[in-house]
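In what comes next, chain A is part of two complexes: it sits with chain B in the first one and with chain C in the second one.
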Partner chain A sequence: MKKYYLPLLLMLFSQDIDAVAYCSLRDPVALIKQLYPDKTNQLSIVKMVDDNIRAQVQVALPRNDLHFSELGRHTLYIIMQGKHSLGYVHVRSEQSDWGLVEVAWAIAKDLTIANFAFQRCRSPNKKVAEQQQFKDIFIGKNFQELKKLLHSDGVTAKNAVLKRAQPAPELANVMLRCSLKTLLLTEILWGDELKKY
Partner chain B sequence: MKYLLLICLVTSPLLSLADFNHNLRWSVDASARLNHNEAINNSSRIYALGLDSHKVFTSDSGDRGYAVAQLYYTKLSNQIPVPFLFDSKDDGDFIIREAHLNFTDTPSWLPHIRVGHFTMPFGLEESIDTNGRLLDYYHGKNLGTKLDWGLGLNKVTDRLEYNVSYTLGGKDKAKSINGSYAFTGRIGSLSHHDFIIGFSLYRAEIDGINRKRLAIDFQFYWQTWGFLAELALGEDDKQLTQWQQEKYALFELNKTALYQQLKVYSQVILTDKTYQKSIDKLINIGLSYQITAKLEFSLSARFQLNSPDNNNKQELARAQIRYRY
Partner chain C sequence: MKISHYNQLLAILTLLSGTVIFVSLWHQYQKIEQVSRGHYESRLLMQTVDHVFTMSQLWLTSQDLLFSGRQTYLAKGIHQQSEQLKKTLVSIKDKQVYNNSDNNLLDRLIIAIEQNNQVIYSFSKIAAQQTDNWQTTVAESDRLTSGFIVNLEKFYQQVVNDNKEKARQLAEVTDNFFMLCWVVISIYLLFVIFMVSSFSKYIVKPIEKITKLAQQEENESGDVEFRQVKAATEIVQLSKAIQQFTQHITIERNIAEQERLNVIKANDKANVIMDTIPCSIILVDEQGLIKECNIETEQLLLDNKTSIIGKRVSDFVPALANLDGGFDRLGALKHMEESLLAPSFANPHIEFSGREIEIKGQINYLITLIDINERKHSQKALSSLNDQLVHAEKLASIGQLSAGIAHEINNPVGFIRSNLDVLDDYLKSLAEYIELAKQTDKQAQASAFYKKEDLDFVLQDIKPLISSTLEGAARVSKIIKDLGSYAHVDEKLPEDILIDELIEKSLTLVANELKYKVDITKHLEANVNVSGFPQKLLQVFINMLVNASHAIETKGSICISSQLEQDQVRIRFEDNGSGIAKDDLKNIFDPFFTTKPVGKGTGLGLHIVRSIIEEHGGHIDVSSIVGKGSIFTIYLPRQTASQVNENYFEQVIN
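Let's look at the complex of A and B:
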């Protein structure tokens, strides 16, 4: 029975959970290079997204929730050029009509959106969302500025945004929710440590 | 176990750079699998309880590398045929799955360097992990082993990714046995795209059997559908110490529900060997349902369409419950 003690003890003290085996974890290095062509390395900081954090997201963004794959331990990447940081990359998923959309968000040091690239997006309008005109809806905005783009229903974008996002308004809704959660989680979980970079 | 200790010793200089808990992921992973093999009218169970861990090593200028360590106590109950890692159908033992270090802090023109026990970089398995799942891309059957101890070079560039390895062919043992070795490699397009193509090669001598294999693999995703294929040409000297040619094709169609909880798949596997009278035609169907973030239930069934030379058609049904905490 002794051989069962260690796992059982670990089970008692463990709080976090990730649904996928860790051998399948992959850093989004190609996307990081695309977002920051001058980077020399990235510095990972792993933090825990738990039920307490999930509740904070629900308070700050009513009618929004985190997908179960968004719980557990997640990585924020500080993008390095030598010993200097260029900004951050945070990958987040959001549900859509085409399955999960996974976005690598480039975040400037003032916690505004600097750019984004899709790790996974199976919307037929993906190419529209990769155009600068669509990206400009989000780029340069912080959490409060993005929240102002949200309709009173809390989950869709205002009509002016949807008009600007044509012909991909559904994707604009998805990206707005995703960007808000990304910036909010970045600040809640990593905010203190990012002051050092 | 001694190999895990060896890895701990190798990593200890790196650990001084950061607190051990920093950037550490770990989970207890428990599963119970029920199998019914209709061909031999046998029911069996496989239980696994283990620790799955992942640690990123960093310095002030960035990540230096990461380690993956997976140690499982695995217990068989009436399992026939007995897997090579065990001595009897009711045996139990500690099994090391993945246990490797990948040094990533290399100059941009140099590859990353992996050392330890890792999955052979070949075909679809390179980008889709099947460890501990019912989903299978038949790595072990096709290559002679799924994991092996050795050294690898890998890199993701702007346009492609590659992974090559030289391993010792000892499978669970970190040594070459009677001259065993395996050279494995895959180069492919970026694995986060909706269309992925890869080319793999393999040359090995494991368990006294020589194997050569060339393969091309595809993945195409459209909305919540996925179409995957692996086509291989190869030969081995398993039969009569002569080279036996083999043509192999795996096709998979899968569908993921919008919320990602339910995944269903079907596979067709065709194997044509020189000394075989008919082409083996296997069908696999399966599903996995993520009940909560911690709990997953999966089912799979395999059956054979042709009548093999020994007249034992493969008919296997499996169910698994897996809990990660």
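Let's look at the complex of A and C:
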């Protein structure tokens, strides 16, 4: 039940929210540097997540609806090394038992997960998730490959994934949902733009 | 051991075992209750902690939203959430006192909430500023909330572990409880089996064995061993008692069997007697219904037994019915009562006797009916014979008296003849004188003849001669009349008799028998009538006088007296003859008893005397002293003819 409280609460509080890009980096330079140590600079492309996009996400990920805080303007960072792009950074927040988990996703140019870093994660198992073994669950996988890791309920990861994510299986569920939304929105919103880089 | 001891032992053991079972189960149940309560509280705590998780999730998300968009209006709501969260944690802390959990964690959680509240407060102050200071505040909040989450997770883990421990304890005590139940039930079952087995071995089995022995068919010898050794004391005693009882029964049964055989024999004998007894025997109940009868009854009542049984006895013997038609119980108890059967019976004369007997507590009457028709016929014949005998005796006495009577007649006849001869001579003389006197010419001759024949004397003597002749004729006439009346058979009906006159008649008839040796003294003072049959009573008196005369050998006296004594007439014949021997006194009224020489007496005289007197309702006494004489006293009731007639008819009817 508790997973339904948050959307309800967000709906109540989001009526007067201006279209602010919540999923943004508070310290983009430092975090991007952490993900792409070789980067020289980054570009940012701001896109609007509206109801149309939300409907597309609902179709692609039926049980992973975008909440109101995820609507509005969102920024995708294109990480550059000189004139070459190294990849992209997409920051997304995913609700969890520990509040919003804010993850900065490093996305490869082939739209696979390259790495991730937490902007906020209050889980006691945050350190587990920061280990490579945990990260390897996601790194190198595109949207379809990650979607295969979803259980039939469309919300949690399959048991094999959860077993691999021990002792942080709940965090693995959060990260899987977050990664899927991130790759899906990246392609939907910025797919055309990214072909240039 | 006694059954009562078994029962006491069973009761005590049952009470003890029940108490032990109850106490142990209750104790274990209380443990379960206690642990279960702890487990329940632990689960409640888990739910509360879950709720704290949810609250903290909302709380943290609200903060994230505050930080993300710097939406300071959320601060107030976050503060309220913080207070609610803190309140919940404080309540948990208060409960934790009893659960011995780590209260430091709770304190740290509460402190983290309070510190975070301050951070939120400070953030709401600087959020609107165009500086990056808020990021520092956010970082501080993240640090605090991360620590909060870590501690909350730890606390949750503690609670989970505690809950698991409680669940384990609950499972353990539950298992222990069920184990105890099984153990107790097993012990109890073993106890029950032991007790049942003991009861069965020492109580039930011996009783079954005794019962089986009692139910089995008797063997030839009749000996059955009932005695039990391995059994409760009462059963052992009971089996011994049964053994003694059965032995006693066997003996008694043998006796009873012998008695039964005797009864059968007696019954057979009684049946034979009943069926051969020459009188009818009927058994009637209080209502007069015939319940049993013998074969003789069938012959008497001319019906078969089955038809007779069930009928009223009064249907056959009307005398046993009351006026209302009911059974005359008192009448049935009469003895040798002559009666008549119903008019439909050709031979109705019976004699019945009854006795009251009690059969199975009920009053019954055993009545015998004797067919007396033959006896009645015999009685009639005997009566006729008796009359003939009396008559014969009378004739015999007449025969005895005939010489005397002839003598008595002869005397007057003699002097009558003599007188008549004289009178004939007188008549011839008188006739001749009258013939002479008729002739006028022979007057002298007539006077001479008158004087010659002394006709004056003749005329004077004729009257005495005629008187004497008439007297003699009268004497003869009287004797003949008395003799005639004596010889005459009495009328069937009694008549009034002047008893003194009848005595005189008897004296007339026996006068010649008495006058030569007996002086007769008479005191006839009764002067009353006695109803009866004069010829029979005359026979009595003649017999008395003749016997007295015979008792006087040469010379004696007879005193005859009659006297009225109250309602009866006493007639006494007293002689001073030879008397009667004492041994003979008791036999003198028996028929054919006589002390006279053969040919002088019939031996029926006194027997007939007594029967005639009894026929008249009187009786006769005798007293005698040998050598001094005898006194015969006759008592005759002073009855009127009508009274005598009633008695006579009653006798005739009976």
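Here, the second predicted complex is superposed on the first by the 170 of 197 C-alpha atoms of A that agree within 3 Å, B and C clash if a C-alpha of one lies under 4 Å from a C-alpha of the other, contacts with A are read in each partner's own complex, and residues count from 1 in each chain.
By our rule, a residue touches a chain if its C-beta (ideal position, glycine included) is under 8 Å from a C-beta of that chain, and two chains touch if they have at least 3 such contacts.
Everything numeric in this text was worked out from a predicted model, so none of it was measured.
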By the touch definition at the top of the document, which applies to A:Ala55: first (chain B), second (chain C), both, or neither?
neither
Figure out whether A:Ala160 sits in contact with chain B (first) or chain C (second), or with both, or with neither.
neither
Let me test your reading of the model: by the given contact rule, A:Leu100 touches which partner, first (chain B), second (chain C), both or neither?
both
In this superposition, which partner touches a larger number of chain A residues, chain B or chain C?
B
One more residue to check, A:Gly82. First (chain B), second (chain C), both or neither?
first
Give me the intersection of chain A's contacts with chain B and its contacts with chain C, in residue numbers.
6, 10, 17-18, 20, 22, 26-27, 69, 95, 97-100, 120, 122
Quick one: which bits of chain C touch chain A in the complex? Just the residue numbers, please.
50, 53-54, 57-65, 68-69, 71, 74, 77, 135, 138, 142, 145-146, 148-150, 153
Residue ranges of chain B touching chain A (in the complex, touch as defined):
22-30, 49-54, 56, 58, 60-63, 68, 70, 73, 94, 97-98, 104-105, 108, 119, 129, 131-132, 156-158, 161, 190-192, 194, 221-224, 256, 258-261, 290, 292-294, 296, 324-325
Provide the residue numbers of chain A that touch chain B in the complex, in ascending order.
3-4, 6-7, 10-11, 14, 16-31, 33-34, 40-46, 67-69, 71-73, 75, 78, 80, 82-83, 95, 97-100, 119-120, 122
Which bits of chain A are touching chain C when the two form their complex?
1-2, 5-6, 9-10, 13, 17-18, 20, 22, 26-27, 69, 93, 95-100, 102, 120-124, 126
